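Each of the next two complexes has subunit A plus one other chain: subunit B in the first, subunit C in the second.
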Partner chain A sequence: MLGEGILKGLAETARNFFGSYWGKERLTTVQFPEERLPQAEAARVFPFLVYDTDDWEKGLRCVACKICEVECPPKCISIEKSTEKKPDYVGKPQFFPAIFDIDVSVCMSCQICVEVCPFEAIKMDTVFELSTDDRFGGLHWDKERLAKPNSYYHKIHPTESAAVDADLAEKKAKAEAAHSAAAAKAAATAATAARTGSVEMGAQEKEAKAHS
Partner chain B sequence: MTVEMAEDRMAEAVGGPDGGQLLEISMGPHHPSTHGVFRMNVELEGEQVVKLKPVFGYLHRNHEKIAESASYLAAIPYTDRLDYMCSMTNNWAYTLSVEKLAGIAVPERAEYVRVIVAELTRLQNHASLVGFLMQDMGASGTPLMYAFREREKILDIFEQLSGARMMCNYMRFGGVRVDPSPEWLAEVKALVERFPRFLDEFEALLRENEILMSRTQGVGVLPRELAVNAGATGPLLRGSGVDYDIRKVDRYGIYERFEFRVPLGEHGDVYDRYMMRVLEMRESVKILEQALKGIPEGPVMDPKARLRGLRPKAGEAYGRIESPKGELGFYLISNGTTEPYRYRVRPPSMINLTVLEDMCLGRIVADIVVTLGSVDIVLGEVDR
Partner chain C sequence: MTQGLDQIFVTFQHWAVAHSPAILQRAVSIVLPVVGLLILFPSLFAITTVLERKGLARMQNRYGPNRVGPYGWLQPLADAVKSLTKEDIVPRKADKLVHFLAPVLLVTVVFLEYAVVPVGRNMVLADMDSGVLFFFAAGAATEMSVFMAGWSSRNKYSLLGAMRAVAQMISYEAPLILSSIAVVMAAGSLSTVTIVERQAGYSGIWPHWYVLTPWGLAGFVLFTIAMTAESNRSPFDLPEGESEIIAGYFTEYSGFKFALFFLGEYLEMFAVSGMAVTLFLGGWAAPFSFLTWIPSWIWFMGKVMALIAGFIWVRGTLPRLRMDQLMNFAWKFMLPMTLMVIFSAGLWRFLPSGVARWLICAAPIALLYVVLGRVLQSERKIEKRVYRYAE
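== the complex of A and B ==
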C-alpha cells in the first residue's frame, strides 16, 4: 500500500518523541549554560605551564630547553632563555624562560608540546570559555597567564598528574641518591687523601728526623 | 544592470542545442547542499542539467607543503584536519605509511585499538552521512538529529580516549598514544551492543519510505566501468557492484583476523549507495564485536619507535587504508632528513567527486543535490 513506509517511519518518530519524555536514551541534550555535562578527564584545550611552589615565577618547571618550540606543529610557542640560572626541583641549577608566550589564536590543541616535554612542565588545560574582545593581546598569553600550580593540574587531570608526580619523585630520589653517593664518594676520597697526606707527612717527618 | 540587459547577456551567452536558452547557475560556495565551501557551476536547459563543473579550492590550506616542512610527528595533527569527520582513520593512513617507510612494528594491542577506533569512525561517519543525505532530500532535521545523537555518543568515547572529539591526534608511528582503560573498553562494548538497535530504528524510519525511494532509485547512476575508470573507491565504487575493499584486498593491520562481508550494490544509484552505508555499519559492528573480544593485554607503543627526530632511510612508501569514504593513501618520499621530501595525499573525496558530472547529466537540479550528498565528500579533504 502506498504510504505504508511513511507511516512506519512516522511511528518511529512518534516513539522517539514520546520516549524523550521519560527516557534518557532518547533525550540527550542539556540546557547548556545552566546545565553542564562533566568534561572527560582526558579533555584538552590549551596548554599551561606547571609550577611547584607557591611562587609562580620561581617554581616554574620549564627550563627553556625549547623542544616544544621546535616541535610545535603550527609554531605558536616562542621562548627566550634567561641569562642566569635558578635551581630546579632536584636542586640542580637550570635556565628558566625569560619569555614564554603562546599565541592561542594559532594553537591547535594537539598536545604535542606535552608529549615531547622531558620536564613535565607543560600540560593541557580544560578551560574552554575563553572568548575575548581583544583580538591580539587577549589571545597572546605570556608566562604569567600560562602559569598554573601543580594543585590545579591535580584537580583537572587526577590520574595523569598522580603518575607524573610519582615519576618526578622517583627521578628526584634517584638524583638525591646520586648526589649523596657522589658526596659520600667525595668525602671518602677527601678522607683517603687526608690519610695519605698524613702518612706522607709522617714520612717527611721521619726523613727530617733522620736527616737531623 | 536592467532586466533587459540581463536578458540580452543571457541570450548571447548561450544558445541551447535545440535553439533554446541555457541557464547558467552557480550552486555554492555556500549553498546548503554543498557540504562545505564547494561550488558547482551548472548549465541548465529548462530544468535539465547539460553541464556541471565542480569548483573547489576555497578551503585550500597548503596541507602537503606544510607537512613537507615539518617533522614526521608534527604532520599527524594536520592529518586530523583533512577529513575532519574521521580523524582516526586519517591518522592511521599516515602512520601506516611512516611505519612502512621507517620499518616500525606495531604491538598487537595497538593494532586492535586501531581497528576499534577506525570502525567506530566508520560508524559515526556513515551515520552522519545518511543523516545529511536525508537533509539534502528535504527531510529536514529528524533523521539528521537521530544520526547525530548516535554520532555524539561515539565522539564522547573518542574524547575520553584521546582528549578531543574530532581532532583526536591519537595514533603515533609505532602504536597509539594512550592505552585504553578497561572502563573505556567496557563503554565501547556497551555502545556496540546498543548500536544495532539504532540501525533497526533508522531502517524502520527510512528504508520503505516511498518518498525516499522515488527520490533515490534510478537517480545518479554510476555505471560500473566508469566507476572503475575514474578511480572511484569506497562505498561509491561498491554501490556500482565492484568488489573492492582495501580491508580485504590489502589486509593491512590485522583485518585478516576478522570475519566480515563486503556489501555490494547492483544498480549504482543513490539508493544503493545509501544502503551500502547502512549495511557497512552492520558489518562494522560485527568487526567491533570480534575486536573487543580478542583484544590482548600488552604495550601500545613500540618501545624502539622514536617520535622526535625520526629520520627514515632514504626511500619511498605508500600506505593506504579503507577510510569510510574510500581509499585514503599517503605517499611519502624520504631523503634521510627529519622532514619528508615529498608528502602526497590521495584523498578519496576528491577523486570520487570527479564523476559527479557524469552522474548528474540529464537529471534535474533537485537530483544534483541528492547525488552530491550520496558521494560523501568533506571539503577539508578535497581541497587540502
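== the complex of A and C ==
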C-alpha cells in the first residue's frame, strides 16, 4: 500500500522522540565539560618528563642524550646539554638537560620519543585540554612545565609504570651488584698489587745494594 | 470577559486609533496591525528554529542546542548576532543589484501573503473578495526571487539550484491550488474570512471543518504535501541539496542576506500553514462547541504550531527525494488525486447529508489512491540485465 512505509517511519521517529524524554539510556551524548568519560589507560596526548625524588630539577631522569630530539618526526623537541654532570639513578655521573623544550603545537603525539628513550625519562601524558590564548609562550613548554613526578605517572598509567619501575629496579640492582663486584675486584687487585709491590720493593732494595 | 479577551487586539487597535490625532488615524489603523504581524511572525520564526533543532535532535536521540541560556532557549539570539556580524560577500561578477534585491523581495512577498490570513475573529489585514487568489499569487512571486538569487549569483550551483527550485515550485503549485479549489467550491467564496465563517458552526459538539469530510481530508493531506514542497522543506528540499549543489540558490549568500532567505523560508512555511488552517481546519474556530470560550487567536496559532510540528516530524523522518521521484509524484500522483478531490467535493454538494454521502464521496478517492499506488509502484521493476553479445 502506498504510504505504508512513511507511516512506519513516522511511528519510529515518534517513538524516538518520546522515548528520549522517557528513558535516559537512549541519549548517548556525554555533556562534555560537565560530564566526562574515563580515559583509556593507554591514552596518550603529549609527552612529559618523569622525575623521581621530590625535587623536580635534580630528580629528572633525562640525561640529555638527545636521541628523542633526533628521532622526533616533526622536530618539536629542543635540548641543550649541561656542562657539568650529576649522578643518575644508579649513581653514575651524567649530563642533564640545561634546556628541554617541546612545542605543543608541533607535537603530533606519536610516542616515538617514549619508544626511543633508553632512560625511561619521557612518557606520554593524558591531559588533552592544552588550548591557550597565549600563542607563543603558552604553546612552548619548558622543562619545568614538562616535569611531572613518578607518582603522577603511576596514577595515569598504573600497569605501564609498574613495569617500568620493575625494570629500573632490576637494572639498578644489577648495576649495584656489578658495582660491588667491581669494588671487591678492585679491592682484591689492590691487595695483590700491594703484595707484589712489596716483592718488587725487595728486588729494588737488592739492586740498590748491588750497586753500592 | 471571554469576549473581551477574544477581541483584545481589535479593541486595542480601536483605542489607539481613537487616541491618535485625526490626521494620523487612518495611518495608525493600517500600520498598527501590520506592525503586530511583523513582530509576531519573525519572533515565531526565532522560537521555531530552536524547537525544530531540539525536536529533530530528540528524534535522533540527541539533546540538541542546550548551551545558550536556560535549556538553550536563547540560541536564536546568538544566531542573530552571529549572522549580523558576518561579512557580507557579493561575488565580483554577480549582478549586484539583483543579488541584493532577491532576499528582500522574498521576505516582502512572503509578508504580503499574511495580509489575507485571518489570525482571529475580526483579525485580518485585508478582507479581500479574492483572498485565496491573492494568497497564491503572492506565493507564486517567491519563485521569482528564488530565480533572481540563482541567476544573479553567477554560480553554476546557484543557477542549478534555482532551476530546480522553480521547476519544483511550479509543479507543486498546481496540486496546491487545485486542492484548495475544492474548499472554494464548498464555501462558495474566495474570501478567506467567509471560508472560515462557513466552518465556524457546530453540529452537536462537532465543528463543520472541511477536513472532516472525505474530500476535505484528502484535500488537506494533498495540500500539506504540496505546501511542504512549496516551502522547500524536507523531504522536498532538493533546491538546497547539499550533497549535489552545495546550498542551491543561496550558495553565494552570506551573513544577513542568508538569514533573510532563512527567514523567508520559515515565514513562507507559517503562511502556507496558516492558509491550510484557514481552508481545512476551520481557521480560528474552536474544535469543539464547548471550547469556544478560548480566544480565537489562540486557536489559530495553536493549529499553526501543530502543523509546524508536523513539518518538523516529517523532516526528521523522511530522506530527500530524487528529482525524477519528485516530478513523478507531482504530476502522476498529486495532480490526479486533486482532480478527484474536486470531483468528490462536487458530489458532496449535490448529495443529501448522511453516512451514505460520506461513503460515496470517499469511495472514488480511496479507489484512485489504491489504483495509483499500485500502478506507480509496479511501474519500475529493475530486472537483471542480460548481455546478449558480451557472453
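In this text, the second predicted complex is superposed on the first by the 169 of 212 C-alpha atoms of A that agree within 3 Å, B and C clash if a C-alpha of one lies under 4 Å from a C-alpha of the other, contacts with A are read in each partner's own complex, and residues count from 1 in each chain.
Here is the rule we use: a contact is a pair of C-beta atoms (placed from the backbone, for glycine too) under 8 Å apart; a residue touches a chain by one contact, two chains touch by 3 or more.
In this text the structure is predicted, and so the values were computed from the model without any measurement.
> When the two structures are overlaid on chain A, which partner does A:Thr28 contact: first (subunit B), second (subunit C), both, or neither?
After superposition on chain A, A:Thr28 lies in contact with both partners, subunit B and subunit C.
> Looking at the overlay, what does A:Arg44 touch: subunit B (first), subunit C (second), both, or neither?
Only subunit B is touched by A:Arg44; subunit C is not.
> Kindly classify A:Leu168 by the partners it touches after superposition: subunit B alone (first), subunit C alone (second), both, or neither?
After superposition on chain A, A:Leu168 lies in contact with neither partner.
> For A:Ile6, select first, second, both or neither according to whether it touches subunit B, subunit C, the two together, or no partner.
A:Ile6: touches subunit B and subunit C.
> A:Glu115 in the overlay: touching subunit B, subunit C, both, or neither? Say first, second, both or neither.
A:Glu115 sits against subunit B, while subunit C stays out of touch.
> Output check: A:Ala14 vs subunit B and subunit C. Expected answer is one of first, second, both, neither. What do you get?
second
> Tell me which of subunit B and subunit C touches more residues of subunit A.
With both complexes superposed on chain A, more residues of subunit A are touched by B.
> Across the two complexes, what residues of subunit A are contacted by subunit B and by subunit C?
2-3, 6, 9, 12-13, 16, 28.
> Show which residues of subunit C lie in contact with subunit A when the two form their complex.
Residue list for subunit C touching subunit A: 55, 58-63, 66, 313-314, 316-318, 369-370, 372-373, 376-377.
> Can you check the complex and tell me which residues of subunit A touch subunit B?
Listed in rising order, the residues of subunit A that touch subunit B are 2-6, 8-9, 11-13, 16, 28, 40-44, 67, 71-73, 108-112, 115-116, 124.
> Which residues of subunit B touch subunit A once you look at their complex with the stated criterion?
70-71, 73-78, 80, 142, 146, 149, 152-153, 156, 159-164, 167, 169, 177-178, 201, 204-213, 307-308
> Quick one: which bits of subunit A touch subunit C in the complex? Just the residue numbers, please.
Going through subunit A, the ones touching subunit C are 1-3, 6, 9-10, 12-14, 16-17, 19-21, 26-29, 31.
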